[in-house]
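Take a look at the structure below.
When the chains are written out, they are named A, B, C and D in that same order, and each has its own residue count from 1.
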């Protein structure tokens, strides 16, 4: 018999949790199942409920490159990890405290990441001989004692769900589809999450499919009740609110924050946003998000390839729009020649590279930081561009605005190096007030006599942004070397040398804030210097090290080209500088070349973010040589 | 726009023209400079975007906005500009190598989308700027720097390719025929969306005389099949008749005027224009010139901007504060 | 080659197939595996080159040589291989995005050159691998992840495009019709030079049912206009007749069998095949399937290798010492 | 009355030079005129005649980007410089001793390069008011005293030529066309060059046009006689043979040497040469040259673009050919993504970048060295390739063979960084015997059971080159990350890290010869370290410095990646290391990063090779700080 649909909100208290409650300061949960099991959705919902409860959090989705890899195989496993706490959270967590495994493949694929003592909740219905052998289990791990060192809960998730939904007019297959909601309900009970928002979410989502709605709600509540009722779960857990600055928050992924930041940049500059893009993982979601917001006057143009994508963006910039292109590494390779033209034309352009594992097609759904040198040098000739990188998911919002500032002020292509980790990961974001956002007002060249398209602003070295439609300043530009001031074609040796150096000087002179060093003791001799998405893991590791009594300094580069003016000083101050990167040492190469500092690289190229533990260990090794 | 009508001189920039003596590009330039005033569009609202090649120098010589971009990519830049700035008139200047070799993909995509671009393809059937290699329109067997034993590739027929790519306007004309070129430019300017104009252009340095047959006084009369909408398609000596499902060129003396095919440039079915395009390939005995196809389909920029306008008129303009604060949010006190 | 005839199993690799349940790619794969033994070519002499996309996983599942290359570029790699290794049989596997969006230029150039490639274009009218954006074959107005308000682009008709690009062999078939697909593969294999096969392929995840009308038992009989060389072109209910210079689909009941167009796949004039290609665009009410065009023109690799062989037979094989010592030289003692 | 055509050879002695003869040890001559004046041909002929006389020499053609820029304009000036001597010649010479200027534009464009006292020979017929004003001369420099400090010979070249040809049935315009031959004849007299080979050349060239032949011969001889007869030229000059190793020589340009080297590599390896290329200045001539040699089984494929060009080359490599692609900087940008695939596939591939001025279209006909970092890093992900560079024109032959050795031994893409200077410049080349060329024999994988396409040779770390057509080793490869040994798709984090490091180690481990340092005194404290085409100018400067008594060491890198194993040591040994580059310091960046050595960059980005004087000055500054 179906439970009556709940009317309005109902908190876990209302539902009357009756079992003992333990307080924790943080938990990491990983939901894992088949690509078709809805793990991303389950994770998202748990995240939203957790966020609204006031915990700080960080998430890490992880899915296969295949759309739907064969069911029940290791390759088909999709997972979603969430780390939430009563304090500031820096990473999605190293090792899950709880693994929810919807089938043997999910268990097998994830077990190696668990520490002893971790909790494992499995759908024991799925541990059939056939499924076990599919992934190479010769015996049933639920029975052969191999999981001894974990707290294992074998729950008959499938059959319980099907039973609960028996009264509905659903096929067994359809009924089974709700089992992720059963799991979500159970976890919601376990961690005292509110149920209201998920129930509302389901109601909106399935507004037109009342049967499916009922099935999902029923499964969800059955899961909750299962936790509350059965002997199997004896305690539940509470995690207090994190102390976070007051304000309105939302949970946001890097790609969404980037899209919002771009829209904000367009609004604050008064420019039309033009995105020229070609889909590619993991950047496509920025295109998807922006194309939802046409009412901001946003134009999204899905081009025939990456070259056309950036070409159209450059054309739009030439016409006075905020021209943007989004892609990942292989797409950047294709855009190289057009970026060179943009350098020569000295027009604003934003190139967003959501990096993924390389080289070549590489690991499309995995993260990496190995496009830094491509962004710096991947073009013919001396072809300087600005390069900046967001440090965490919500920082993508600010970095987009910053890219727009640099691009429009200096009329220069600006690379944003995001990556798969922050693009898909999410975290709570304190929503800024629009008034607090930077003013990005832009002046176009005005009608005038004897217009000189390459006469520079002495401060910024920027040339005028002289857009078609402006009477009297008609002029011609192009990819051939241009004479200083007039912009006419020039093959003059001295002029070329001058222009090459001037373009370099313009980029070198971009105004960027000084690098801030966090060195609470003031006595650290080791500095850990990161860039991009390693911010979270490095910060977590530094916090832990300091908690262990170690003196260690941390700094994080958001500006890769040009570097902050004080970087040389900072490097000089610390005898030992560790540079952790998810590549073979690309930032390190730039630092060594520019500052002749023997920085110590710590590199991993595993398609995964660093763990806190790895970074702690690497740092300890340097501190205690 | 000023009240005083502009003249050819107003559209002539101060840059020295740098083509070889006798290059067909000169007359195209001069025809364009003479034609532009007729458009009645202010100079600042006209933009010429070119790729790379001899022909792609064109924009430098016009007193409008202009960009000499990179090889093959002009349609991409022009598309971004035309879509985001529907107030502008955007020309693309390109060569047979630029448009059909490295830039082939952008060309066909611009055409299918019907982006508001007037594309002038200077077809000299050779790579001029790089000093004489064969191009995708060079006839098979062509001996060039890169094919000393003769080229082996079947050339593209630019008109067939464009029609196969869903082009709404396709025309062909000859560099030296100012009047015809002007007529074609006029029609292209009046057309919504993409217009592709193939211009036979002589390169006296690397492919001299390639189009003599359609330019020389004593042969051109017979060689040029004039296509004028609503009129019979014929040259001075030959005419076009139906031959079952296809088309055939016959001597005028052998048929009566009423049997000739009456040109219908507005035929929605591209099969007709395609069949016309097949009347001549590399050899130029009977070359249709004029407008193969000119049909009405909304321009891409128009569609894009209408879609934006429509959603705004339905839902109101975007509100950034609302956007940022939308979705699942919570307050921390 | 071994004496024992190969079987489907011999062409099945040990790799786990990784498409979504119900994906149309499965049946294409299975048909191909079953077809290959018939070719009588040793496995080591067959190479499958693909780009990127769901469809481009194809080579992994065949026990032949194979390369899963990069997005849109398979024809370039395959061309280099086929030209330099005329002893091999080279297939290209590609999707509508891979072949027609990013790879459009390479496709049309391979076709005009007539490189010895058998190109299978899996057209599901969507980007599968990147999770559902519209493609150059998606119908206008399509709502996808990147076009929440509907797409605006006029799609390509892959057959028209190929014919406009001078293709010598163009066919269309349907993923689930093993018999028809096999027939088309057989003809393609027998063809000299490039063969382009468009395969309607269902993507149950992102574009489910796109081709239902030509696959469902109760509609397909009427929707599929069968093209068989030398036979009348017709579906179960409709037939093709001449209509002035163009072609028209009419109900069979309204015409006599003898009025129907008899299919001539070997018609040298591509206008005929082009006209056939226009019978259906996005909508699929009357879709010609089978071989639009199959004409004889030397393969590009053959021409290239003949040119080399000819000069060697005329002048003898190159002698490095003679080459280095040729031209203006002098002795220093 | 036309002179009778000479039968057979006739040396200058036979013709009886009667004026006083001075001996010189070296001369630099620049021929300059309108693009249509035939200066390149004139220069080429003078070069051949000089070479056959046994002088050492070096040439530098310089022509406008336009095919035929407007006549009589500065932009239309084309020139050809030749430096020849009785000793080893390193460069085409800094400042010409003799300028032949066919019109006022040629004078104006080149005068600034002349030292005081230089000889100027002009066609005074061309110094009309109209021509003068075209290039902004307000008064006639031949008359206004502005050329006082030069030795000026105003020769009525045009009218003398026309007069000499009066008897031929030629239009005046056609007659004028032969004036370059008059100039050549005059210079031939002046420097005692033999006339036979040029006369034979003309006879072959105009075999089918007897009138033109006669006109050219007549003009040529008239020019010679003019020198001998008129008062204007009172002395002629002799330059003794240079002491060069015994052997057979020919004059060769960098691009020709490259083409020959590639053919030689194909012959020595037994592989079919497959060139996939798209024309681009200044690389096209390699395509042109190779397409002349089909009888070597060479296949040249002019592709639709640079991507298809490299794609076809990679496809050919996959099939067991020597796959090559030739291009310049903008083309490299387009090839980036495919190079990444080649890195992943680990197949041999040679990418020849004849560098030109950048960024973007830049200065297409000028030289530069600014693609080094693009070659190193211009791709997504960690994507290591080998990079080597020829040092002078004829070295292109050897470098092509070396590229083939590395590519086929290590199954890796190899970049050759040539540039416009050595590509078009020429020098005498001692023709090697074919037997002395390296054996490049290659082993393909054989038929076998359980074939592992990514099982590596423990020494080279190369995987097998396993080509289609080999029974039993059918396998699939691609751009996704591959499992060690099996080559199957692998998303395994540890495998990715391993493969990334292995690919890097393979390239780092390429066997390259140690760097040789030339330090004759053994007491130098300053090392000048160059790469690529700066070899000639640097060597010339070092010779001069040493001749001036300075102690200075020189070394030149032909291997940019990996560096020679002893490079670190070499850098350590010299307190000061100067790195001259025609870019903003790209090699310097790599050296600083890898060796933390504060090398001193000397950069010019002028589209021109360094002059000896500039390099001497820069070096002196460092020696005497």
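What we mean here is this: contacts are C-beta pairs under 8 Å (C-beta built on N, C-alpha and C of every residue); 3 or more make two chains touch, one makes a residue touch a chain.
Everything quoted here is computed from the prediction, not taken from an experiment.
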Checklist entry - If you tally the C-beta contacts, which comes out ahead, A-B or B-D? => result A-B
Checklist entry - If you average the Cα atoms of chain A and of chain B to get two centres, how far apart are those centres in Å? => result 44
Next on the checklist: So the centre of each chain is just the mean of its C-alpha atoms; given that, what is the distance between chain B and chain C in Å?
Outcome noted: 29
Checklist entry - In whole angstrom, what separates the CA-based centres of chain A and chain D? => result 48
Checklist entry - Cα centroid separation between chain B and chain D, in whole Å? => result 39
Next on the checklist: Which positions in chain C are in touch with at least two other chains?
Outcome noted: 52, 68, 70, 101-102, 104-105, 109, 136, 149, 304, 307, 311
Next on the checklist: Which positions in chain A are in touch with at least two other chains?
Outcome noted: 75, 294, 304-305, 330, 337, 340-341, 360-361, 478-480
Checklist entry - What pattern do the touching chains form: line, ring, star, complete or other? => result complete
Next on the checklist: Can you tell me which positions in chain A touch chain D when the two form their complex?
Outcome noted: 64-65, 75, 328-330, 332-334, 336-337, 340-341, 343-344, 355, 357-366, 368, 370-371, 373-374, 376-383, 478-481, 491, 493-494, 496-497, 500-501, 503-504, 583-584, 589-590, 592-594, 596-598, 604-608
Item to check | Of all residues in chain D, those that touch chain B in their complex | outcome: 66-71, 73, 75, 278-281, 284, 287-288, 291-292, 294, 300, 302, 304-306, 330, 360-361
Next on the checklist: Quick check on the complex: what are the chain D residues that touch chain C?
Outcome noted: 48, 51-52, 54, 197, 241, 244-251, 260, 263-264, 267, 272, 274, 276, 293-299, 301, 303-305, 307-321, 323, 337-338, 340-341, 345, 430-434, 468-480, 488-489
Checklist entry - Considering the complex alone, what residue numbers of chain C touch chain A? => result 16-21, 52, 54, 68, 70-72, 101-102, 104, 127-131, 133-134, 136, 145-149, 205
Next on the checklist: Which residues of chain B touch chain C once you look at their complex with the stated criterion?
Outcome noted: 101-105, 108-109, 112-114, 136, 149-150, 152-157, 160-166, 242, 244-247, 261, 269-272, 274-275, 278, 297, 300, 303-304, 307, 311
